[in-house]
Amino acid sequence: MAEGKTLTLNMGPHHPATHGVLRIVLELDGEVIVKATPHVGQLHRGIEKIAEGMNFQQVIPLTDRLDYTAASLNNLGYCLAVEKLLGIEVPKRAQYIRVIMGELARIMGHHLWLGSHALDIGAMTVVFYTFRDREMIMNINEEASGYRLTPSYLRVGGLAKDITPDFIKFVRDFVKWFPTAIDGYHTLLTDNIIWRKRTMGVGKVSAEDAVNFGFTGPSLRGSGVPYDLRKVRPYSSYDDFDFQVPVGEVGDVYDRYLVRMEEFKQSINIIDQAIENLPEGPVNVDNPWVANPDLGAVMEDISALIRRFKIQCEGPHAPEGEVYASVEGSKGELGFYLVGDGSEHPYRMKIRSPCYILTSALPKMIVGHMIADVIAIIGSIDIVLGEIDR
Amino acid sequence: MVEFLSILIIKTLVVFAVSMLIVAYSTWIERKVLGHVQLRHGPTRVGFHGLLQPIADGIKGFFKEEVVPDNADKPVFILAPIISIAAALSLLVIIPFGDSVTIMGHKITLYLTDLDIGILYVLGISTIGSYGVMLGGWSSGNKYGVLGGLRASAQMISYELSMALAVISVVMVSGTLSLVGIVEQQAGLWNIVKQPLAFFIFIVCGLAELNRTPFDMPEAEAELACGYNVEYSSMKFALFFMAEYAHMFVFSAMVTTLFLGGWHGPLLPGPVWFFIKTFALIFFCVWERSTFPRYRYDEVMELGWKVLLPAGLLNILLTGLWMVIFNI
Amino acid sequence: MENAKIAETVKGKFGDAVLAEQECCDDLQLVIKAEALLDVMRFLHDDEQLAFDLLIDVLSIDNSQRRRKPRFEVVYVLVSTTHLHRLLVKVPVADELEVPEVPTVTGIWHAAMWAEREVYDLMGIRFADHPDLRRILTWDGFEGHPLRKEFPVEGKDFDKKWDPDTIEVL
Amino acid sequence: MVAYQNLYMALAVVLFIIGAIGAITRRNAIVVFMCIEIMLGAVNLLFITFSRANQSLDGIFMVLFVMAVAAAEAAVGLAIFILMYRKKGTINVESFNLMKW
Amino acid sequence: MDKPDYVINVSSRRPEKGKYLLPLFKGLKYTLQNFFTKPITIQYPQERREVRDRWRGLHRLKVDDQGKLKCVACGLCAKICPPQAITIVPYEEEGQTRYPKEFIIDEIRCIFCGFCQEACPKDAIELTKVYDYVDYHREDFIFDIEKLKHPERFVFTGK
Amino acid sequence: MELIMLLLCGGFAIVTSLMVIFAKNTIHSALWMVASFFFMAVLYLLLRAEFIAILQIIVYAGAIMMFIIYAIMMLNIRQEEGEKAPVRKSKVVGVVALLVLFLELLVVAVNKGVLAMHGPITDQLMQKYGQIAVLSNFLFSDYLLAFELASILLTAGVVGAVVLAKQKQ
């Protein structure tokens, strides 16, 4: 085709399939993409900058708003980073509950991914089934923390509160129900010829490329690299649980889909083990500089009252030093790089967001494909703009 | 003459009214069925189980603000929905709802007209309907619209062909192009039994012509953000919307006529059977929409040219052989 | 590979380029001279024993409020997907430069493409030879670098009145 | 015989001439193409008039084959136009003055 | 690359060939089954779901047996509040307990994280189950003591 | 009745055909063309050639014009003939010659009746068997060779179009 005969198409930020306010400027030859330039930043809220002016506990609700589809995992990553900086370790019970909350959040994230991915490709019903099941996790979140989407349940040094008996009942119900729901998703999509045609061979990323592009999480594993932080660097007692890491081979949209579908099952497996083997004990560290004295003690003991004032006003003071801690988020490696300077604020907090790096590879992935594939690929790497723009 | 004319006018009005009612309520069926498949209620607020919803929607559609984009081609922009709805409505003329009844001594046929070349008329007019989609997309001056219009035209041209092939084999079996003739010929055995492959091809092509999932390329709300009707609002959008559902009704009626024996059926009177079959097909259209993902544009073309077209040809060949061998 | 052994290997190869070696909790942090950065990084990526093939992140620290020299530091987080070890590489940015600058590692890891753009956007550190160094999270024409410590948390002009029609500060 | 056959013939002539004038005056290849279709249509009209006047089917068959030719012509012609547009960026007939490119 | 033993390969599940029509019909059957199940959505606001006990809704300033505010205006909640939505003006009289003269929560700024409830040493503030307060003006969302005492008045009734 | 229809449709056909030439926008030209084909189809109907009329709509309006509009949309030609090229002498001569031809033909058309050689196909025959049956009888016997040739032509057209429009890899 002669030069200058391409069509420039502005996809987003108000486009139903860009999962938020992502804007991609596409250059089209017919329907084939010649060039793609993603523009991000429409949702930039400066969380890293805001965090510098807050104390360590106050940052927790902010982290909820990163990847709001899987909020507890962000809490977990942040709390682990701070705890690593402070050099404390939370009790076993808190760790197990954190694992449960984290895995539930991962399932929530994958639910939203599956629903919107299928919706992008045109299967409009799957999203309602995933939201039916997501609702159950929302109820669990609500039972634990009082909020459904952004629970802010974790705290530096433990949890906000201990769980209730209803929580355990809800989780057990969910664990029991969810495998049938997964079968339902498989029935609707996996073998469906249209779904296969839309996803197989689309957006192929080889293992070398995936590593070079900085992929992490299911997108990396879909390309065949078995890198999972839960196995590689077990945190929060993940080494207590027996689970497997699903890995693809081809690295196309379909493989990433299969990997995530299998992760549903593995997460359920982990939750099942954690809820059955839940240890007794406290859920907060026994550290006077971190843990909030409970109300009963405050009423009676003046020193507890003072301590409560101290902790609520300032929170824990971090030692001077730098730390990088990361968790396996639902989208990939979610890392927090914290710099402490001896005060109660994080001197510098850098969030390593998996989606940001995934999006940077988008132009390489979609060139040569058609418009319809663009949304399939965007769906398959599962980006959340709250996390990209921070 | 006066008698003939008055019967004709009354019949036209009745057919128009009934058809518009069906069109309106097929939107209700769509929303209700989709809702229940998706574990929702669908419309519930206006009237009992939302039964007045189509009327409320219609009123809303007609009274909303009209927006014509600045760089739209205004005459074409206005013309497009009119073409769409006009084509859809003129297809209603030849639908055979039933055989004939005798009312007050007059023998009244339950179809407006029985054309000698009925099937050709259907094929011809339904292509005209696709002009509306194409021009609507092109004239709104929106890139998504243009892409939608392009997709629509390519898809319609491709699928028209296979659809015609499927129809031809039916015509071969029936020996007539008149729709009434085809229905009468099916009194004993429905064509779906004689022509299962043609039935399948016709359904697939029909869905493609209707721009319904899995072939809703021209709208594809996920990729093209509604495609050809992205810039349309209020009345003009309502016309497109109505045309879409009118086409769906006509498609269901055509399948009923060509393959499911039209008004034939035991016990119940003819028109009832006709409507039962038609509504079953409308239900099917909604049902499959709720289940299937969307094809990609090039895959749609591939399916049309590489699968359905050869299949249609093969079907004609087999039908011909069968007719020659058994000397029908 | 053990942290100590990584440090040993790198030091053995680039003795004087490694300014310091410190533990960040359980991770090893190597401080590398900016001039030698590219060579060290390429070695880290290519060497079979190290094979840091996955660049997790690039970030920067503004030390102006904790009285440390130099003012800016850039940190690279590296991971090996084969040997599963992790390394933090820190590069001090020379204070003398008018615009702080370090060499880009986009030639080694594509992942650095946007990570470096973000550092440039928010901290104002240039990456020499970066193929596409534009602002990314803030808009084109934005002034200042928000993560620098002197940038107000509320943002600039936050309390001024602005004209809703032209979106300009009055 | 057919009623008003002279009128039909006159109409065909008028249409033919309109088509011909368009074909030589317009520069846009696609419009030229459409003008040729008008001319074909005029001829078709004439054929059908004769066919009806003479109580013969020959005219109708002629029209059928004209349509077949027109369809084939449209396919090939438009393919050529698209190719031309890709090569030269225009479909102005006056710029097509080369036998090869 | 040799794979660790905890890895399972999902690509073995890929149906590369075949299975054209049957899965489509299976899908149709699945959706048809769901067509005949009961909808799970709630017809809000006629039907309302019961929220759990820990729900974090509008704030309530608790009162003691004599109908006085429990709050002593210590300012802990205002300090911990991440979006700084709480403003307290304390008032002290000679020989009296400290109490807030003004206690203002900007419910638009508030992110309902529940930190104020956790911080309070007197158990004077709590988050209620009221979750659907709507109004027309931004000013209506700035709650003073009077409004904060009775948040249940702000339950949305559909009118 | 027939005269009114004839005059109306003929008039519209002429007007729309003129609009094809005079419309600035190529898509508008094409749309006028479609309208013109419709009126021609009505004329065919008046001449009792329903089959040809419907074929006109299917083939011309449905397929050929669809192709043309598709091509215009794909090439995104809105105002292509923008620059005012000087009017060429040859064109003027051509138009004048055509007008002369027009007058001649018109004289012929208006004055000279066609010889009414009655062919074998009477209206009664058509009425009895239906037009399609009669047509197909002849098409598949007397005109079989021509029919087959037409199909070969169409196939060649399709192949040619595909070859031409295919982008070189």
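Brief remarks follow.
Chains: A, B, C, D, E and F, in written order; residue numbering restarts at 1 for each.
One rule holds for everything that comes next: a contact is a pair of C-beta atoms (placed from the backbone, for glycine too) under 8 Å apart; a residue touches a chain by one contact, two chains touch by 3 or more.
Quantities reported herein were computed from a predicted structural model and do not represent experimental measurements.
Removing chain E from consideration leaves the other chains joined as one piece by touching. Note on connectivity: the fewest chain-to-chain touch steps from chain B to chain F number 1. Among all pairs of chains, D-F has the largest number of C-beta pairs in contact. The centroid of the Cα atoms in chain C and the matching centroid in chain E are 38 Å apart. For this pair, chain B with chain D, the centres built from the Cα atoms lie 33 Å apart.
Chain A and chain D have Cα centroids lying 64 Å from one another. Centroids of chain C and chain F (each the mean of its C-alpha atoms) stand 70 Å apart. Counting partners per residue, chain D has 86 as the residues that reach two or more other chains. Within chain C, contacts with two or more other chains are made by no residue at all.
Listed for chain E are residues 1, 24, 27, 30-31, 34, 40, each touching two or more other chains. Interface residues of chain D facing chain F in the complex, by the touch rule stated above, are 1-22, 24-28, 30-31, 33-35, 37-38, 41, 44-45, 48-58, 60-61, 63-65, 67-76, 78-83, 85-86, 90-92, 94. Put simply, chain B touches chain E in their complex at residues 33, 35-41, 44, 287-288, 290-292.
Of all residues in chain B, only 73, 75-76, 79, 116-117, 120-121, 123-125, 127-128, 130-131, 134-135, 138-139, 146, 149-150, 153-154, 156-157, 160, 177 touch chain F in the complex they form.
Of all residues in chain F, only 2-3, 6-7, 10, 13-14, 17-18, 20-21, 26, 29-30, 33, 36-37, 40, 43-44, 47-49, 51-52, 55-56, 59-60, 63-64, 67-68, 71-72, 74-75, 77, 80-81, 85, 91, 94-95, 98-99, 101-102, 105-106, 109-111, 113-123, 134-135, 138-139, 143, 146, 150-151, 153-154, 156-158, 160-165, 167 touch chain D in the complex they form.
On the chain A side of its complex with chain B, the touching residues are 7, 9-10, 15-17, 31, 118-125, 128-129, 132, 188-189, 192, 194-195, 197-198, 370-375.
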